[in-house]
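In what follows, chain A forms one complex with chain B and a second complex with chain C.
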Partner chain A sequence: MSEMMVRLKSRNNLIVTQMVVTGLTVIVGMIFGIIMLLVQGGMIEAMPATFYQFLTIHGTFMIGAAALAATAIMWYFLSHYVELSKKILKINLVLFIIAAVMVTVGTFSFEYAGAWTFLYPLPALSASAWGTIGALFYLIGMLVMGVGFLLLFIDSGRAIIKKYGSLGKGLGWDVIIGKKAEKDAPPPAVVASTMVTIVNTTALLSGSTVLIMNIINVINPAFTFNPLLAKNLTYAFGHIFANATIYMGVIVVYELLARYTKRPWNSSRVFLVFWTMSTFFTLLVYPHHLLMDSVMPRWMLIMGQVLSYANGLPVLVVTAYGALMIVYKSGIKWDMASGLAYLSMLGWTIGVIPAIVDSAIVVNHVMHNTKWVPGHFHMYMGLGVIAMTFSFMYFLAKNDNGLKETMVDKTAFFMYMFGLIGVSGSFLTSGAISTPRRFATHLPEWMGPAQFGAVAGILVVIAITIFVIHFIRYISVRNKGNIGSDYYDKKLA
Partner chain B sequence: MVQMVAWITSLVFMLLIAAVFLVVAIKSKEKREYEPIVKKWYKARTFYGAILVILIIGVSLYTLRLIPFNQPVYSEGEEPTIVDVEAFQFGWNITETEFKVGEPVEFHVTSQDVNHGFGIYDEDMEIIAQTQAMPDYTNKVYITFDEPGTYEILCLEYCGLAHHQMVAELVVK
Partner chain C sequence: MKQTKLGILLYVILIIPPITTYMESIMLVHMLIQFPLLILAGWLIGEWVLERWPYHFLKWDANGIAGIILVIFITTYWMFPRAMDESLTIWHIELFKFISLPLVGILLRNSWRKLTIIGRSFVFLNYLSMFGLMGWFYIDSPVQICNNYLEIEQQMLGWGFVVITGIMIVYVLQKCFISGTKSNVNQI
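Then we have the complex of A and B:
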C-alpha cells in the first residue's frame, strides 16, 4: 500500500469512528425522545424529574450528534481541497466523548435537568432539584465540547486562508466582484465550509462566554450578570450552531448528486452571492428567538422577522433548486446514498416553511414555545441533517469497499421518511392546538398527537438502527483490509 | 385562529414542495442533456426568485402592521387596567385576576428568579397572547378580552421540575 493510501486510510478511520459515535448517539437520543412522547401521550408514566432529565439528554445528544456528523462530512470533503489537521480532528472527537460522559454524569448521577437551551440563571437556581455538582458537570461538559469544535473551526479557517488567501476568498468574494473568473471560484464544499467556519466560530465564542458566566454564577451566586444579555448569547449560540449543521451536511449533497448525475455543481456567481447572504443572515436572525421579549430593541425584533424570511431564499432559490435541477432528467441511479441526499433536501426545504411562518411576530405571539417549534426543527434536522448524515455513511460504505445495499435498507429508507414526517407532523399539529413544548404532562386533548408521534418515532428508530447496522457491517468488512476505492483517494494517490 | 392560518399555510406550501420533489424524482429516470435544462430553469429561477422576494416584502409589511407590542388596545382617553405579574418557581403573583369583557388590560410581567413564559389560554385551551417573564426586566402584553369565561395562565418557558404545574386563572365577566 502506498504511503498516500496509508494516510488516507488513517483519515478515513477517524471519520468512520466519528460516524459510529454519531450513529449510536442518535439511536440513544431517539429512544429518550420516544419515551418522552410516550409519557406525554399518557402511555407510560415517569416522574417529572426523570422526564426533564430525558429532555436534557435528548436535546444535548441530538445537537451534539448532528454537529459531530456534520463536521465529519465537512472535514472529509474539505480535506480534498485544503490541508486539514488530523490531530485536531482527533482532539475534537476525544473532547466530544469526554463531554458526552460529563453531561451524562451531570444529568443522571447528579440530576441536572436544565435542558441544553437553559437560560441564565436556571443552572444555579433549580429550586433544589439539582445541586452545584450536577450543574458544573453539565456546564463544563458543554464547554469542553465547545472547545473541541472551536479548535476544529479555527483549523478549517487556517487551512482555507492558507489555500485561498482569506475567508472572503473562500466565500468567493473575488469572483463576485469580478476580479476572478467563475470557473476559478472555490468549489461548493469550500464555500460552505468557509461560511460555517465564520458563523460557528462566532456561535462558539458566544456559547463559551455564556457557559463560563453561568459556571461562575453556579460556584458563586453573588456573581450575577444581565439576564437579557445571557439570553441573547444563548440564542446566538444555539441558533447558529444548530443551523450550521445543515450548512455542513449539505456538502455531501453537493458532492454526491454531482457525482451520481455526472453533472457539474459549480459555484456560480449567484451561488456565491447567496452563500454570502446565508453567512450574514445566519449570524443576524437569532433575535427571532426573542420575539416575545418586548424589552428587546424593536429594530432587532423586526430584523429577526424580516431576515428570517430572507434567510429562506438561499435554500429555496439556490440550494434546493440546484438539487432539483441537477436531478431532473439526469438518469440518476438511485441508491441509499443518493436517495438520502435527495430526501435531505426535501426535509430541509419543507422544514423551513413552518419556521418562516413562526418567525412572524404576530404568529410567534401565539405559537412561541409550543410544539410547533420542535415540529419544524425535527423536519429540517431530523429529515434534513440526519438524512445527510446517513447519506454520507452509505456513500462511505459503498465507495470505500463497495458494500451492497439490501431490500432491508430500502425498506428502512421509507420507514425513516414516513416515520419522520409522522413525528414532525405530530409536533406541528400539537403546536397548532397550543400544546406547550417541554411539558412533562399533557392534558387529554393534547395526548393524541403525542401518541401518534411516539409510534412514528419507533418506526424511525428501527430504520436508523438498520442504517447503523449497515455501517457497522461496512466497518467489519473494512477491517479485513478491503479499502480504498474512493474516487478522490485514487485521484490523490 | 392565527394558529389555523399558520398550519394551513404551512401545509399548503409543504405539500407543494413535496409534490415538486416527487415529480422531479419521477422525471429523473429520463436522461437529457444538462445544458438546455440549465438554460431553461435558470430563466425560470429568476421569475420564481422575484416572486418569492415580492411575497416576502408583502407578507412582512402586512404582518409587521400587527405587532402585538404596538397595538393600541384602548381608545384615546380610556385608561387601561395595569396588572403586575411576577412569576416565581413555581407560581404566579398577579395583582388582579378578574376583568370585564371589553376592558383593556396591560400585563406588566417580570420574574422573581429564573425565566418563565406568561401564556394566556382561552376556554378552548388555545393561546391568545404571551410574553416572557424575565428577572430584572418587565415585558408588557396588551389584551382586551372579547369573551367571558375562565382563562388559564401557563408557563411557556422551561423553568425547572414543576414548570408544567405553574398554572393560574383569570376570570372575565
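Then we have the complex of A and C:
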C-alpha cells in the first residue's frame, strides 16, 4: 500500500467508526420512540415520569446521532478539498461518547426528564421529579458534546479560510459579485460546509451560554435569569443545530450523484446565491418557536414567520433541481446509495410542506405544541437526514470494497420508506385531531394514530437494523481487503 | 527589555494604594480595567521572564495547553463575584489577585503563540460566550451579589461585558469574512 493509501485508510477508519456509533445510537433511540408510541397508544403501561425520561433520551440521542452522522458526511467529503484535522475528528467522537454516557446517566440513574430542549427554568424547577445531580449530568453532558462539535467547526472554518481566503469566499461571494468566474467557484461540498460552519458555530456559542446559565441556576436557584432571553438563546441553538444536520447531510447527495453520473456538479451563481440566502435565513428564523410568546418584539415574530417560508426553500430548490438535471439521461445505475439519496430529497421536500404551514402565525395558534410538529420534523429528519446517512453508508461500502447489495437490502429500503412515512403520517394525523405533543397519556380518541405509528416504527427499526448490518459486514470485509476505489481518492493517490 | 520596564512601571502604579482604592471603588473599573491591566503588566514583564527561564517554559508548557488551562482556571475564578468581593475585605485574597493576574499575563504570553490556531480560536470563542453570559448574569441578577457594590453597579458591569462581547463578535466576523487575502488559490 502506498503512503497515500495508508492515509486514506486511517481517515476512512475514523469515519466508519463514527458511522457505526451513529447507526447504533439511531436504533436505540428509535426503540425508545416506539415504546413512547406504545405508551401513548395505551398498549403498554408506564409511569408518566418514565415516559418523559424516554422522551428526553429519544430527542437527545436522535438529534445527537443525526449531527454526528451529518458531520461525518461533511468531514469525509470536505476533506477531499481542504486539509482537515483527524485529531479533532477523533476528539469530537470521544467527547460525543462521553456526553452520551453522561446524558444517559443523568436521565436514567438520576431521572432527569426535562427534554432535549432543557428550557429554562425547567432543569432546576422539576417539582422534585429529579434533583440537582440529574440535571447537572444532563446539562454538563450537553456542554461536553458542544465542545466537541465546536472544535470540529473551528477546524472546518480554519481549513476553509486557509484554502479559500475567507468564509465569504467559501460561500462564493466573490463569484456572486462577479469578481471571479463561475468555473472557479468553490464546489458544493465546500459551500455547504461553509454555511454549516457559520450557523453551527453561532448555535453552539448561544447553546453553551444558555447551558452554563442553566447550570448556575440549578446549582443556586437564587440566581435567576430573564426567561425570554433564555428561550431565545435555547431555540437559536436548538433550531439551528437540528436544522444544520440536513445541510451537512445534503453533501452526500451532491458528491454521490456527481460520481454516479460521472458528471461534475458545479456551483452555479444561482446555487451560491441560494446557499447564502439559506445561511442568513437559518440564523434568523428560530423565533418561529416563540410565536406564542406575546411579549416578544413583534417584528421578530413576523421575521420568524416570513423567513420560515423562505428558510429551507432556496437550498431545497437548487438541490432538487440540480439532482434532477444531473440524473437526467445520465444512464445512472440505481442502487441503495443513490436510491437513498433520492429518497432523502423526497423526505426533505415533503417534510418542509407541513413545516411551512405551521410557521404561519394563524395556523400556529392552532397547531402549536400539537403532534403536528413532530410530524413534520420526523419527515425531514427521519426520511431526510437519516436517509442521507444511510446513503453515505452504502456509498462507503460500495466504493471501498464493492460489497454486493442483496434483495434484503432492497426490501429494507421500502420498509424504511413506508415505515417512516407511517410514523410521520401518524404524527400529522394526531396533530390534525389536536393531540398535544409531549403528553405521556392520551385520551382514547387520540390513541389510534399512536398505535399505527408504533407498528410503522417497528418496520423502520427492522429496516435500519438491516442497513447497519450491511455496514458492519462491510467493515469485516474491509479489514481483510484493500480500500480506496473512490474515484476522487484515486485521483489524489 | 523595554516592555519589562513598562510592565513593572504599570504594576507599581497599580499597587499605589490610592489608585488601588480608587479603582476598586467602582465595580466596573475593578473588573474590567484593573484586572486586565494587571494581566497586561504580567504580559509585559513576561518578556523578561521568558528570556530568563526559556527551558522551563519549554519543558512545562511545550504546546501551550498547560499554560492556557491555568489561565482559564485563574480567570474563571476571578469572574466569580464572590472572589472580587472578598478581595476587598480579605487581605490575602487581594494579595493573591496581585500575584495571580500578572501570572496570567506571563502564562498567556508564553502559551498563546504556542497554541495552534484551533486552540486559540477555541479559547477565544469560549471567552466570547463566557463574557456574554457574565453580561447577562450581572444585568439580570435579581439580588445584590456583592457586599461591596450596589445593584446599579452590577448592571453597569454587565453592560460593560456586553460591550466587550460585541467587540469580540465584530472581531470574529472581520477575521472570518474580511481579512482573507489569498483569494486566487485554486488548486484542486
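Worth a mention:
Criterion: the second predicted complex is superposed on the first by the 488 of 493 C-alpha atoms of A that agree within 3 Å, B and C clash if a C-alpha of one lies under 4 Å from a C-alpha of the other, contacts with A are read in each partner's own complex, and residues count from 1 in each chain.
Everything below uses one rule, namely that a residue touches a chain if its C-beta (ideal position, glycine included) is under 8 Å from a C-beta of that chain, and two chains touch if they have at least 3 such contacts.
None of these values were measured; they are calculated from a predicted model.
Partners chain B and chain C, brought together by superposition on chain A, fit side by side with no clash.
A simple residue count on chain A separates chain B from chain C, and the partner touching more is B. After overlaying the two complexes on the shared chain, residue contacts for A:166 are found with chain C alone; chain B is out of touch. In the superposition on chain A, A:201 makes contact with chain C only, while chain B stays out of contact range. Legend: residue contacts after superposition of the two complexes on their common chain; A:408 is shown touching neither chain B nor chain C.
Of the two partner chains placed around the shared chain by superposition, chain C is the only one that A:216 touches, whereas chain B remains out of contact.
Aligning the two complexes via chain A yields an angle of 100° at the C-alpha centre of chain A, spanning the centres of chain B and chain C, rounded to a multiple of 10.
With both structures placed on the common chain, the touch criterion links A:177 to neither chain B nor chain C.
When the two complexes are overlaid on their common chain A, residue A:150 makes contact with chain C while staying clear of chain B.
Once the two complexes are laid over each other on the shared chain, residue contacts for A:225 go to chain C alone; chain B is not touched.
Between chain B and chain C, the smallest C-alpha to C-alpha distance in the superposed model amounts to 12 Å.
The intersection of chain A residues touching chain B with those touching chain C, taken from the two complexes, comprises 226. Taken in their complex, chain A has these residues touching chain C: 81, 85, 88, 150-151, 154-155, 157-158, 161, 163-169, 174, 180, 184, 198, 201, 205-206, 208-209, 212-213, 216, 222-226, 229, 491. Against chain A, the residues of chain B that register as touching in their complex are 2-4, 6-7, 9-10, 13-14, 17-18, 20-21, 24-25, 27-32, 34, 37-38, 41, 45, 48-49, 52-53, 56, 59-60, 63-64, 66-69, 89-90, 113-115, 117, 119, 121, 125-132, 134-141, 154-164.
Put simply, chain C touches chain A in their complex at residues 117-118, 121-122, 125-126, 128-130, 132-133, 136-137, 140-143, 176-183, 185-186, 188.
Looking at the complex, you find that chain A touches chain B at residues 48-49, 52, 55, 113, 115, 117, 119, 121-122, 125-127, 129, 226-228, 231, 263-264, 290, 292-295, 298, 301-302, 305-306, 309-310, 312-313, 316-317, 320-321, 324-332, 334, 342, 345-346, 349-350, 353-354, 357-358, 360-363, 365-370, 372, 428-429, 431-434, 436, 438-441, 443, 445.
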